[in-house]
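Both of the next two complexes hold chain A, though its partner changes from chain B to chain C.
Then we have the complex of A and B:
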């Protein structure tokens, strides 16, 4: 459709106004709050007190370490599943069913998904009662409420995103290249390592960065599955508003979390700059 | 012979790992659904007996019913607004080249990747400063920002897959831009718009991070209600509410499948989370 510049400006007016008022405005205020002195005037005091406190660093370190493991777990489970969907599932209803399986968790609240893991991993949960019944252990394992359960829960939530990211690239791999490698005598494993895998790397990198970034900023899963035993940055932010009532520190920590995320997204954009389009 | 054996082993390995991944995806939700029918007073897996009393308990608890109401109204209002903002924006992005185009699209799509908890905090402070903290309005504006990107993204995907010649023909024959949009464009991009609306609705419906900062004891969405509930009680009532939200998720997935096909929608809306 030909849209005159005047009409385009009119159509954009609403979205721009809304996002300036309720997105840029709130984020701007948050940034301002982090630099604000209680009496007025600008200060770096919030940042120096946050950045000089080992407790906050410890939480950030936990956050990054957990996110790293989550990314690794998503890759190890996600790649085979993406490969399976793209290359092995021929039956259309089978593909459909797998996509339903991928999307349904994405459409379920984090809180419900965390609850599922409590039932599975708890002291009287499915894992422990099965292991006890088989006789592999005498006392229930302490899996729930710790780093491991946070990693299991987050990897579960982010696995669909990793799979879809890898799928979208694997689908575009030119199959005649794989056939050519096979015709020239490459074994399946060699054809995979020399042709398919390198061509799928953009999907792997993209998926990993997104999963890592979403994992860094996740709140509900760490909050429920840590049982108060593991501190991560997002929980720390929450506490500043509901427990310790330090919105200035909360704002500062939020900006730190935002900066980490933006750094990751920046890396992503830098890597994919050439192929960057709005969609597709 | 050896080659085909290796090939078979490779296929088996991939199928095996995929089965593990699929079980991992399905298990938590299946477990929640299963225990919501247990006849015991506490959580028991495998569930014993079969009863609907926990569901009955939920619908006869006015606080749960109210929370479902708040969530439904909020998701509906946010989705309607996201459509009004997102579809025009997508139209301009698809049909116009203009300065700041990339900056604007980055702005509108960035809520997809920025920490939602930070959005929640930012809205809380902003709303406090302007005097509408912990109100339906505060929840509403936060949710609109959160879900508009989905509408823009799916509408844009439909618009770029559409034949622009139809629109031009209509305009050449004298249709006004408004007539062209409603008679030519909208019917063709309808599946994408519907998918976007469903994505928007469900993402508002399940959100905790933005809602939790702007909730009060009276004004609480169902995920926030569950979040507060789970701190003190882990019981079959929790399972019944949770299971109900899973049924809705399945319905929405099926609806999206009918509108645009689940595979296409999945890859469009989540596979390429590109700001």
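Then we have the complex of A and C:
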């Protein structure tokens, strides 16, 4: 059955309508809002006040720094895991089991998992109790309610995404390429660095971008695990709507956050675009 | 320097219950072009990979230049492989692919560059070093794969059905190229193929394999003229295999009740044997020499094959043979259904056990 362009356009109506109504529309409203004065009328004042305030820059810096650390952590933990799954798990059911174990945490809510981390990282939590019991420390460590706990909490949630992203690309690496590298004199580690890793970069990049973007926009984990001590932009935005009742500032902050993130991701892709094209 | 560059000594490889190699022994002489020939699953690729180091033998040993390769990984063996699907690194240029081996050997940059240039010229790809594999045609990719292997000057070049991915015309051209390269380099080539024409065209020596064992080795001409078993006769070239019965005192007649033939079979051997004769040795008409075997047959079908006619004949008791007589003008006059006489020289045929 051939789908004519007319049919295709008709089929697309639903998704396009949904997209316009629930994404482009609100997004447009948000942009408009950021240029509004509280009493009405257009202004750039929101942008000037946000962009000149060190407090907002500090929050943005925290957001980006935390997101960077989360991405790095997910890479460092996720790549070896993905490699193990693809190259060292013999049985298909073993692989599926690991995927299930990875995905299961995603079925519980973020809030529940954040409180889980409070239990683990708190002064009387599992980590501190064990370290005290073993005698490695004298007084409990202050892990919770700081940047570290936010990073741990976010990395935990976003790790499966990184692993799956890398797995899906790693699986496509032709084993005969690795054999060829070995045949030509490369040690297993050299074969990995020269062949396997470069070919897995699209998965690394895709996973990194998704993890970074989700970290930047995360709200629940940072707000619960920060204990009020760490300010990230998403919490600030929330406050504008709930506490200070300045939706226009909230909108401005959102647009600024979006613009900065897009800029960073765009730069990253631009720098690596040549490399990525090679692999295709 | 040992005369045999590679010695395969009673190599056995089992995968669970499957015996991929059933105790194979082979000596590969320095500088020769030897082909492992057989159908899929006969073990030829397993044998090649055992020499390369990708297959760990269950028992038995591979020795290269007298040194046992037991436990030696592929990167430490003085051999290089040309893979069936080329296995070119897609994220590197042709030159970078070729430079991979020399760089592992820690050669000076200038030395690496000049070697790469030389070998590119040798395979006819000068100036194309900067291209990526996806920017090259199948034939060009083939040559890069070849260059990448030979630039390392291995003791033995292992080729795993490298021409399989090419179309017919290109394949024929590459066969000639490979033969020329072999003569130019003086390197030992071990070549795996299922195509008997390819093996006959390129190799000095052929090892015919079946179900994990080598059943016959020899030059193409030797194997063609003197196949030792029915399997080999059937695999190499075209062969008529006439089923025959051996009676108590070694006399042979066409089964089940056909005319007696002046061959003798050992009395202690099998009761059923095949008489092999190649179609091009079956001539029309009565005998020319005193030793010839003459049979009457009915012409079933006649097919023009360019240089001559291929005649499908039914001989005694319904067995069919094919004949490709040299002179096509005689064959032209014949029509299906005719009774004709054919003959062959006695020594042009041989008795084979099944």
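FYI, the second predicted complex is superposed on the first by the 249 of 280 C-alpha atoms of A that agree within 3 Å, B and C clash if a C-alpha of one lies under 4 Å from a C-alpha of the other, contacts with A are read in each partner's own complex, and residues count from 1 in each chain.
The rule is simple: a contact is a pair of C-beta atoms (placed from the backbone, for glycine too) under 8 Å apart; a residue touches a chain by one contact, two chains touch by 3 or more.
The model shown is predicted, which means the values in this text are computed figures rather than measured ones.
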Open item on the list: Based on the shared chain A superposition, would you classify chain B and chain C as clashing or fitting together?
Closed with: fit
TODO: Considering only the touch criterion stated at the top, classify A:187 as touching first (chain B), second (chain C), both, or neither.
DONE: both
TODO: Figure out whether A:102 sits in contact with chain B (first) or chain C (second), or with both, or with neither.
DONE: first
TODO: Quick one: name whichever of chain B and chain C touches more residues of chain A.
DONE: B
Open item on the list: In the overlaid three-chain picture, which partner chain does A:222 touch, first (chain B) or second (chain C), both, or neither?
Closed with: neither
Open item on the list: Taking the superposition on A as described, I'd like to know which of chain B and chain C A:177 touches: first, second, both or neither.
Closed with: second
TODO: Please work out whether A:198 is in contact with chain B alone, chain C alone, both, or neither, and reply first, second, both or neither.
DONE: second
Task: Smallest separation in angstrom, by C-alpha atoms, between chain B and chain C in the superposition - done: 7
Open item on the list: Output the chain A positions appearing in both contact lists, the one against chain B and the one against chain C.
Closed with: 187, 278-280
- [ ] Provide the residue numbers of chain B that touch chain A in the complex, in ascending order.
- [x] 3, 6-7, 10-11, 13-15, 17-18, 20-22, 24-29, 31-32, 35, 43, 45, 81, 84-86, 88-89, 91-93, 95-96, 98, 104-105, 107-108, 111, 113-119, 121-127, 129, 141-142, 144-145, 148, 153, 156-157, 160, 164, 167-168, 171, 177, 180-181, 184-185, 202, 205-209, 212-213, 222-223, 226-227, 230, 234, 238-239, 242, 245-246, 248-250, 252-254, 256-257, 262-263, 265-268, 270-275
Task: Interfacial residue positions of chain A with respect to chain B in the complex - done: 1-5, 7-8, 11-12, 14-16, 18-19, 21-27, 29-30, 33, 76-78, 80-81, 83-85, 88, 95-96, 98-120, 125-126, 129, 156, 159-161, 163-165, 167-168, 171, 187-189, 192, 206, 210, 213-214, 216-217, 219-220, 224, 234, 237-238, 241, 247, 250-251, 254, 257-258, 261, 265, 269, 272, 276, 278-280
TODO: Sort out for me which residues of chain A touch chain C in the complex.
DONE: 174, 176-177, 179-187, 190, 194-195, 198-199, 275, 278-280
Task: chain A-facing residues of chain C, complex - done: 52-54, 73-76, 79-81, 83, 85, 87-91, 100-101, 104-105, 132, 148-149, 152
